[in-house]
Amino acid sequence: MLDLFIEAGKLKKLPRMGWLLRGVANPESVAEHTFRVALITLFLGDELKKKGIDINVEKALKIALLHDLGEARITDLPLEAQNYVDKKKAERKAMVDILGAERVEYFRLFQEYEDEKSLEGRLVKFADKLEMVLQAWEYEKSGAKGLDEFWGALDYLKKSEIYAHFKDLIDELEKLR
Amino acid sequence: MLDLFIEAGKLKKLPRMGWLLRGVANPESVAEHTFRVALITLFLGDELKKKGIDINVEKALKIALLHDLGEARITDLPLEAQNYVDKKKAERKAMVDILGAERVEYFRLFQEYEDEKSLEGRLVKFADKLEMVLQAWEYEKSGAKGLDEFWGALDYLKKSEIYAHFKDLIDELEKLR
Amino acid sequence: MLDLFIEAGKLKKLPRMGWLLRGVANPESVAEHTFRVALITLFLGDELKKKGIDINVEKALKIALLHDLGEARITDLPLEAQNYVDKKKAERKAMVDILGAERVEYFRLFQEYEDEKSLEGRLVKFADKLEMVLQAWEYEKSGAKGLDEFWGALDYLKKSEIYAHFKDLIDELEKLR
Amino acid sequence: MLDLFIEAGKLKKLPRMGWLLRGVANPESVAEHTFRVALITLFLGDELKKKGIDINVEKALKIALLHDLGEARITDLPLEAQNYVDKKKAERKAMVDILGAERVEYFRLFQEYEDEKSLEGRLVKFADKLEMVLQAWEYEKSGAKGLDEFWGALDYLKKSEIYAHFKDLIDELEKLR
Amino acid sequence: MLDLFIEAGKLKKLPRMGWLLRGVANPESVAEHTFRVALITLFLGDELKKKGIDINVEKALKIALLHDLGEARITDLPLEAQNYVDKKKAERKAMVDILGAERVEYFRLFQEYEDEKSLEGRLVKFADKLEMVLQAWEYEKSGAKGLDEFWGALDYLKKSEIYAHFKDLIDELEKLR
Amino acid sequence: MLDLFIEAGKLKKLPRMGWLLRGVANPESVAEHTFRVALITLFLGDELKKKGIDINVEKALKIALLHDLGEARITDLPLEAQNYVDKKKAERKAMVDILGAERVEYFRLFQEYEDEKSLEGRLVKFADKLEMVLQAWEYEKSGAKGLDEFWGALDYLKKSEIYAHFKDLIDELEKLR
């Protein structure tokens, strides 16, 4: 299990490439991003539950913590790279190897995220996009420019089934700019 | 809720002061530490459950994600500072303010960690120390020196009730050095 | 005495938290701030003297060099933190411990700054605010945003008894923006 | 052509992932590596020529400057990643797109490097490895640890046909450690 | 020869002082600048050749790679410093010492750049300015301010004999802003 | 006077080149060094006075704060550079320009340091070397290597007239290693 924790430690060192390539000095790491995705998942998940939605918050939290673990091996491939590399396939294989055969249950959780095939998986995807837009705004508030394209994720957020439950939140996010 | 997510974002910017003061260049942030604490909690928690221990993994994960949130307001006060500041009291008040009156349930989770009054709280404390020792080793492996005192946390780990279940893991950690 | 110099060396590592939390990449250290506060004190002090004001420049310079030394133990607590921590009390105790019983005279100098009870103490406070506003402008000139609140220190500067002697300087500072 | 120069500018931002993942703080960029590979190529190339070897130094220099350009799109994939991604294929496609159809001659130069099918291509590969080992030593000399595996490239250097001409140089490199 | 490669490695550590002094966080190194100057030289040189201009591209590439090597000893003296230091003389002497008596041919190449006495030397100077303006724009696009003076190099570019051949490119560069 | 303070602010940005060129990641700035030189001057100066030595501590403090101000224009030229540049002359001219004709008294203070022609000037030189050796030790304690040559300054310290008064301190410093 120690190997797994060491592997996860690499996410602390890996810069989020999208920011780096757009000139953000000292951008966040994958681990920092994952932290806030998980925290957002926590609060949105509990809120959904309070609203009577049938959601497994424990599962959602696990998915959030695991969702970028494959990047410990394949790094955070920027969008540009994904024209040349089958990221989905690479990430899936990396996840299998990192988790090992004895932890196949966690790989299944990861697939729920990747394929958006459970509500919990879709919630984490929602949190992932929300986190990114919020980070874009935070960089812009400090003076960064050239981050327009990241705001495009608002479209994803608005089309999501989850949007109906957090309309005010997403509207507030959009109005920050 | 957006305010809360923005507050949590500050943990990305806050360096872990213990490393910084001992000369680690570009040390990890509080958010990076929290990420791995939560991930360790996930795997140890599930393992305990498999062993038949009655533990609420969802609760443990929430505690892990929240356990350093107060630092968004009070920063990561190094050990030296704690002779001059009542960190426990300050952190508690900061948590109350960050979470707000409507989220008092999360404050109670934080207290379980702080006062080690539930198994879940104690598991996160265990994960917190384990994460720190592992990070010390990782810095040393890359060339850092002067981090001896951090290895002292092994004593805490060995005295914990949780140690019995992860003796091999902790022994492996100790032998890394 | 070597211990004291080592302690002072920590100020090189400590980032000024106000900038850090507002997203300035690689902000100045406490030591860097202190350097310029002392330099400003030098020139303003000598100027006051030339104008016939009865001021002890040697004392003022000592106060400037010592004014943030307590942060070697308590770190640079940001404004937000000061709602949760009695910074004044903590800093005073830290200063006592850092300087040691045999250097109580220097602690008294620090108190003149903290309580603004001598002209020299007030001059350093004036230099401290002036330095901060100038630094805010320098960050803004390089592209930083979100630093409005730091300009509020201009109010302090204008209300100070020292303002009358450096009206042109402060006006020039205000007009930089 | 400006697009091409902007693309090349990305290499300034991309950290060399091998160092980053082993904990080197602020490691070199791909552009910095490429600079020294080209410089080494210059001096080794001219030396070979002086020794009567039939080598086109201009071509070798072009290959050196272009050899990592594909990373502007696919980033510097660490060795670990190459188990999950067909780097060679990805890089080739990226090179084609970056250079564009009208610059197919440069793509052919790149292939000479990649497939080691010309002396010039092999010289750049030799310079690439030499540069990496030298950089490993420089990091170690400054205190870095955990870089053993990079010294394995000495084997490549010694097996190269070019080794015969620079035996003293490579021996000197090996003895640095 | 290894000494020479180690010397060149210092260019990776040296920040380009113009950016640093204007507050760019983590500015490029001299090595990064040199990389792109050489790459630009490659494409402009080949283009000139295609247009029937009599130019030795190999020589131009060598000049580009060597043009800032003297900074390994004298560092990147900012414009301000050049009122106090005879940079030209210092750089020339440093080049002589770095290259050594046995490599006087390379020093002669450097002089062609410095004194702009060959077309190849002038091409590298052209590429050097072009690279700098492009970098200024890239920093500005990411949010940097206060870099106006660097755009002044457009005047140099337009007055150059080489401008006639790359009018479109320079116009495109100018319009980026 | 604001111009002077802005000029002094550049010392915050300028890395101490000796550390940078030896591979210290994120080395101290000139301003950080100056801060501790001034603080050391304060305590050594007061100590000398207590021992009955006739010393003007105010003057010594001013010299300490001003001693590297010329580097705002000429940067921190490393030892290697000083074979190619007349640093002393350049620094003196830069100081004259920075201070301006109306502040010639401060230039005279600087000369007392440079030419070691007053006790106060020699004290600052002593503090300057002491600070550097202490910093070398601090970097080494954190894992840095390759800093041997900096310890050579102990010779200067031991030959100084001031050594007799601080023998214990310097011995303690030497034994740190």
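Chains: A, B, C, D, E and F, in written order; residue numbering restarts at 1 for each.
In the analysis below, a contact is a pair of C-beta atoms (placed from the backbone, for glycine too) under 8 Å apart; a residue touches a chain by one contact, two chains touch by 3 or more.
Listed by chain with UniProt protein names: A, B, C, D, E, F = 5'-deoxynucleotidase.
Everything numeric here is computed off the predicted structure, so don't read it as measured data.
**Student:** Using the touch definition from the top, list the chains contacting both chain B and chain E.
**Tutor:** A, C, D, F
**Student:** Touching chain C and chain E alike: which chains?
**Tutor:** The common neighbours are A, F.
**Student:** With chain centres defined as mean CA positions, report which chain is farthest from chain A.
**Tutor:** Relative to chain A, the chain whose C-alpha centre sits farthest away is F.
**Student:** Taking all residue numbers at the chain A/chain D interface, are over half used by both copies (same) or under half (different)?
**Tutor:** same
**Student:** Fitting the CA atoms of chain D to chain E, what rotation angle results, rounded to the nearest 5 degrees?
**Tutor:** So the angle, rounded to a multiple of 5, is 180 degrees.
**Student:** With chain centres taken as the means of their Cα atoms, state the distance from chain E to chain F in Å.
**Tutor:** 33
**Student:** Which whole number of Å gives the spacing of the CA centres of chain A and chain C?
**Tutor:** Taking the mean C-alpha position of each chain, the two centres sit 41 Å apart.
**Student:** Where the centres are mean C-alpha positions, what is the separation of chain C from chain F, in Å?
**Tutor:** 22
**Student:** Two or more other chains in contact with one residue: find those residues in chain D.
**Tutor:** Within chain D, residues 23, 25-26, 138, 143 contact more than one other chain.
**Student:** Among the chains present, which pairs are found to touch?
**Tutor:** Once each pair is checked, the touching ones are A-B, A-C, A-D, A-E, B-C, B-D, B-F, C-E, C-F, D-E, D-F, E-F.
**Student:** Any idea which chain A residues touch chain C in the complex?
**Tutor:** Against chain C, the touching part of chain A is residues 25-26, 138-143.
**Student:** In the complex, go through chain C and note every residue touching chain B.
**Tutor:** That would be residues 10, 13-15, 17, 20-21, 23, 73-75, 77-78, 80-81, 83-86, 89-91, 93-94, 97 of chain C.
**Student:** Give the list of chain D residues in touch with chain B in this complex.
**Tutor:** Chain D reaches chain B through residues 22-26, 143-146.
**Student:** Flag every residue of chain C that touches chain F in the complex, lowest number first.
**Tutor:** 1-2, 4-6, 8-9, 11-12, 28-29, 31-32, 34-36, 38-40, 42-44, 47, 57-58, 61-62, 65-66, 130-131, 134-135, 138, 169, 172-173, 176
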